[in-house]
C-alpha cells in the first residue's frame, strides 16, 4: 500500500481538532494527515467570515506548506470548500473525497440544497444571534446528526461544537470550473446519515451523482461517525483515497 | 447505560409470545420488557375484533399495570396500534419506536398503504375464510417476509403464526392528534425487509419520513429478523430506545 | 442443509474461469457447481456471436450434461442469458438467481436499459474496434466496477478480462414467455455496486422489482465482489439459492 497525504476539511460547527482519532488511525496506517480549521470556525474564532474567506484559509494552508499530491477530503459543508479549493489549485490535488458532503449545483448556495424548513430555521437562528451565527439545536444533533451515539457521547461531542457563521451557508457559488475538472473523485456515504432526510434531499445518490465518474465507498454510521466510529471512518477514507 | 421499560407490540399473524429471544437479550442488558398480545391475535383467540379493540387491548395493558416512562415499540401492523395508543396515553410514553412499521397518513387504513395486488389478495383471502381472517400464504412468507432464514427456520416460524383478523387492516384511522404529539420517536429499518416492495411502497424512507424529527437505526435482516437475528434486533431496539 | 447444483453464468468481459474462489467455497459447502463460458467470451474466443449464440451455448451446456434441478445464476449481462435459457428449458431449473443482473423489459436490449452516455460509449468503442467488440476502459473499471479493490487487485483482475462482443448488447429480446414462468427467483444486490448509477438507473429495486415474488439477498461490495470478496459472495449465493 502506498501512503497518501490527506488534508481533511471539517463541516459546519466543527473545527480541525475534532478529527483526533481519525488522524491517529490514518497515521497508524502510514499516511500523512493535515486537519486545518476553516476560517471563522472553532471556539473563540472571529465568526465574521465569508465563504470566500473560508476557501482562502484552506487554499493558503496548502500553498504555504507547499503541499502537493494531496488527497483532499471535505465533510458536509466542507464539500462546498474543497470544490472551490480544487478550482484554484488543481495541480496540487491527487484526488477529491466528498464524505456526506454537499456537491452544490453551479450557482447555488448550501441553503438552496436543504429542505426549506431547515433553511428557514438557520435564517431565524442567525437573526436571533448576536453575531450572525447559527448553533445547531441539541434535539436535531441528537436525533439526526449523531443518531448512532449513546447519550453521553452525543453530549460530550455536542460540547465541542461552536456556532457556524451564517454567510457561508448563503453564498451562491460559481462552480463552472469545478465541473470541468478531471481530478479523480470519491464519495463516502454513511448509510445511517439522516442529517439530510433520505430520499429527495438525501446525500446519496443526489450529490454523488453530480460528480460524474466517482468511486463510492459506504460504511454504517451517522453524519458524525468521526465521533462514533473513527477507526472505521479512517479505513474507509483510505479506500476512498487510494489510486 | 440507563435501563428502560419496553413494551413491544407485534405485527399481523404474530402474538406476544414470539418475541422470546428478543426479550431474553433485552433483560440480559438490564431492561424491563412487556410483550402483550393484541386482542384477536394468537392461536385460539376470538378473531372477531376491530382496530379499536386492538388498540384498547394495548392501552388497557399499560394502564392496568400503571406503567409509565414506557418505550413503546410497534412492528409492522403494530405501528398502526402504537400511533393510536400514543394519542390516548401520551403522558405514559417516553419514546415511540416504529420497527418496519406502518405510519399511516391521517384517514388511511393499512390496506391504503400497500400495493393494490396485496390489498386485493387480503380481500380475497378474508372472503374465502370462515371467520373474516387472512392467513399469509407460505410462498410470500418464505420469499419476502423471512428471506434471510433457511427453510427449516422459515417453516418452524410459519407454524407459530395464526390468521389475522381482516377488519383492522381496513379501518380508516383518525390520526390528527398523533401527528401533533411531541413524543420522541425512532424508526428501525431492516435493510433486507422486502415485505413491502422497495421503492415507492417501501418502509423507509416512506414511513420514517412522516415522523418529522426521527432517529433512524438500521440493521441487516428481513421483516422477521426477530426469528433470524433476535439478539441483534434487541441491541438495535436499545439504540433506538435510549435518550 | 441440502446441496444444490449451481450453474453460474458470468457477465460481460468475463469468462467462466474467473469464478475460481467462488466455486471453491461453494464446493467446500457441499454444492455442485458448473461455470460455463458463454459463446464469444474469454481470451482467444471468436467474438463474432449473437445473443442467440450466447444463449444456445448455455442451454446446450445444461442439456448435453443432462443437468436437472439446476439453480441458475446470471451476473450482470448474464441476466439476459438466463432469462432466455429459462424460457427454453424451464423443466430443468429449480430456481433463478439474478446477481446485480439485467432483467430486461420484454422487447428491450441491454443498451436500452443503461444511461445513454454508456450506450453511446459502447457504440463508439465497437466502431473503433477491428472486430465489433467493446473493451471496458480502465478508469471506469477501477472507479465504478471494482471500487472496493485496492489498485493491485483492480489491475490483476482487469488483465483477466477480454473484449465483449457488441451484438449481444444490442439484441432486442422477446421475453413474453419469461415473464409467465413460475420458477422461484432471487435477486442478489451488492450495496456498493455502482456499475449502473444508483437511483433511476440502479440495479435494485429497478430490476429486482420486475421479478414479481422474489427473494432479496444483499451483501456489501462492488459489481466485482467475485474478485474482492468471493467467499462472502458464495455464502450469499447459497442463501439466495436454497429452497
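A, B and C are the chain letters, set down in written order, and residue numbers restart from 1 in every chain.
Convention: a residue touches a chain if its C-beta (ideal position, glycine included) is under 8 Å from a C-beta of that chain, and two chains touch if they have at least 3 such contacts.
From a predicted model like this one, the values you see are computed outputs, not experimental measurements.
Visitor: Tell me, which chains sit next to both subunit A and subunit B?
Guide: Neighbours common to subunit A and subunit B are C.
Visitor: Tell me whether subunit B and subunit C, two copies of the same sequence, contact each other through the same residue numbers or different ones, using over half shared as the line for same.
Guide: Different residues, largely: of all residue numbers at this interface, under half are found in both copies.
Visitor: Distance between subunit B and subunit C based on Cα centroids, please, to the nearest Å.
Guide: The mean C-alpha positions of subunit B and subunit C differ by 37 Å.
Visitor: Touching at least two other chains at once: which residues of subunit A meet that condition?
Guide: Expected reply: 191.
Visitor: Please give the residue numbers of subunit C that touch subunit B in the complex, ascending.
Guide: 1, 184, 191, 204-205, 208-209, 213-218, 239, 242-243
Visitor: Hey, which residues of subunit A end up touching subunit B in the complex?
Guide: 139-140, 142-144, 147-148, 150-151, 191-192, 194, 197-199, 202, 220
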